[in-house]
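Each of the next two complexes has chain A plus one more chain, namely chain B in the first and chain C in the second.
Entry: the complex of A and B
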């Protein structure tokens, strides 16, 4: 069995070589410090891929006062959707330019939600979580995405739906998203509890706590 | 697309390197009891995802998270909270009597 370190090296080398082949003139300005370009879409997972039937799927927003707002799959996909093209940056150093998504803006989902919360903890099917300031989910900066490249989002990339917050490192764009918990104070998520940065701005290279 | 599939996890022997950075004893042969399902399993049989952004060891019985390990440039972060107890074999003459 190949060790994980060997596998990682192969992945990184392929990212580096593809990156040099595929680099365009304007790309460097779009590449945050310490990142490589890739045309690939590497899959990183912290556990088995959850399988959720669309009949059972739901998205829940819970406010700091305990009020719940729920959307079934049919209700979510019935909301007005937006097409988004964005560069994404993974903390494991790959970046991918001009990725094409379709989904519902968090502004739409929170339009009728009354909250004074400053922070959000995102929850996923399978137990994953990630934290970020609520303002980073608002004003056209975040979506619940269910299409990638014009096709339904594949399970290994977080389908049926994932959070998309492209201005932060991609671990914040939680796969298999199932809801948002609104909180008055910040609370660390799955990787943030283990030394990763609470905010994760790729342009300030906020990979780990203290960066 | 990545060649890694959703089934691509490693066994717990992949934890030997990072764990040996901080523990003097070999931990992959230790037996951990899952806080969630109560079943015991050797660390070497954990289903391990990673190594990036970190190692995550799942219970081979119930799939709950048993341990998480992240190596940052200047620290190692270890969460063993999914394991309620860890049995580590020790030589009989090491009890200090």
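Entry: the complex of A and C
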């Protein structure tokens, strides 16, 4: 597999496409640049949907000093949960407004975790990973979500539980999440190693490296 | 740009992109359209073939109400220009130079496009590993690249192409119409012991089903790469 520098080159010609008018029903202030609205919930995953038994499921936070904090499924779902309504934005350009989730705030999970880390690498069942600054997980900005629209989260959407970080492009909201590795330095995750933006702010249209 | 009609609803566009840096089979590009008042819309499309210098191909399946696909599939003329960016995506790719493992390709509908880029890249791979394509379509009219796939399968002893018809089959087809099954994947794919690398591309439900069947057959989930499109269903 080639590195990101080989994968992503940018070729741009700035031109008007003759006769193109477009649909123009997506002029919504809640829609970031370059996005269109969908009522569906498209699925994008790099591999097969992992099969995870709830008996074996666990969520682990590992600090930069190697200290582990673990929650079984029963322990996680026993923590106080929050209902979250959020707009979500996929780097493949669809956005979906007012999606309804329920899950545990990362603030709750990290409340008793001693750390001086600035970065987090999220790990998933199936091998996926994604990175983000720790502060983007804190202060009511991120959850481990296990319900969508009042139902348990379907496997193709990341069930039994996925990260929910709605203020960043949705690849950061890792499906089938299994843990957080806290780190003093940034380390690129799966798509971040393949040419996608390190941070992924949809309002600044940070889709690919160099944006 | 040139347009080549593939089926009633799919067209291939050949774009001249000065300075195109080349790409790997399986990657896509972003197409952005701009109206004369500045309104813009962009979508990603799979590259359908290896680059030929500055010429790249995408195949666009017109989707109902698709504001970009309908423009690309129907409205464009040969001297029209669009903005492109890419190549994008570095996971769902096959490396013609470095990978000698057998390759199983499983396509649903227009999911065949990035897989066709891999098949067309066989020409540049020496020696090319064996490829098998299992291509599920509703009816014979929905086959994209039909003639080229048949020609390649005839000329290339290491390429097998099998069509799976879900609604209507051509006369003489022995397999009853129906969704792709574990038997289809065993019969027309590679045995698990040959450890093929597998690429599955199609609508979400199709990809979920095929990857589940492959895992049930004993294929290693880590060797299955998927690309999905469309809604998740009801």
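Here is the rule we go by: the second predicted complex is superposed on the first by the 184 of 211 C-alpha atoms of A that agree within 3 Å, B and C clash if a C-alpha of one lies under 4 Å from a C-alpha of the other, contacts with A are read in each partner's own complex, and residues count from 1 in each chain.
Here, a residue touches a chain if its C-beta (ideal position, glycine included) is under 8 Å from a C-beta of that chain, and two chains touch if they have at least 3 such contacts.
Since the model is a prediction, treat every value here as computed from it, not as a measurement.
*Asks:* Looking at A:133 after the superposition, I want to know if it touches chain B, chain C, both of them or none. Which is it: first, second, both, neither?
*Replies:* neither
*Asks:* So, A:40: does it touch chain B (first), chain C (second), both, or neither?
*Replies:* Both partners.
*Asks:* One more residue to check, A:188. First (chain B), second (chain C), both or neither?
*Replies:* neither
*Asks:* Using the superposition described at the top, determine whether chain B or chain C touches more residues of chain A.
*Replies:* Residues of chain A touched, chain B against chain C: more for C.
*Asks:* With the two structures laid over each other on chain A, which partner does A:208 touch: chain B (first), chain C (second), both, or neither?
*Replies:* both
*Asks:* Can A:171 be said to touch chain B (first), chain C (second), both, or neither?
*Replies:* first
*Asks:* Both chain B and chain C contact which residues of chain A?
*Replies:* 1, 4, 7-8, 11, 40-49, 92, 127, 156, 190-191, 194-195, 208
*Asks:* Within their complex, state which residues of chain B touch chain A.
*Replies:* Within the complex, chain B contacts chain A at residues 1-2, 4-6, 8-11, 14, 17, 47-56, 58, 63-65, 68-70, 72-73, 75, 77, 79.
*Asks:* With touch defined as at the start, can you tell me which chain A residues reach chain C in the complex?
*Replies:* Residues of chain A touching chain C: 1-2, 4, 7-24, 34, 36, 38, 40-51, 92-93, 126-127, 154, 156-157, 190-191, 194-195, 208.
*Asks:* Which of the residues in chain C come into contact with chain A in the complex?
*Replies:* Those in contact with chain A are residues 17-21, 24, 27, 32-36, 39-44, 65, 67, 71, 75-77, 80-93, 95, 204, 208, 211-212, 214-215, 221-222, 224-232.
*Asks:* Can you list the residues on chain A that touch chain B in the complex?
*Replies:* Listed in rising order, the residues are 1, 3-5, 7-8, 11, 40-49, 91-92, 127, 155-156, 171, 190-191, 193-196, 207-209.
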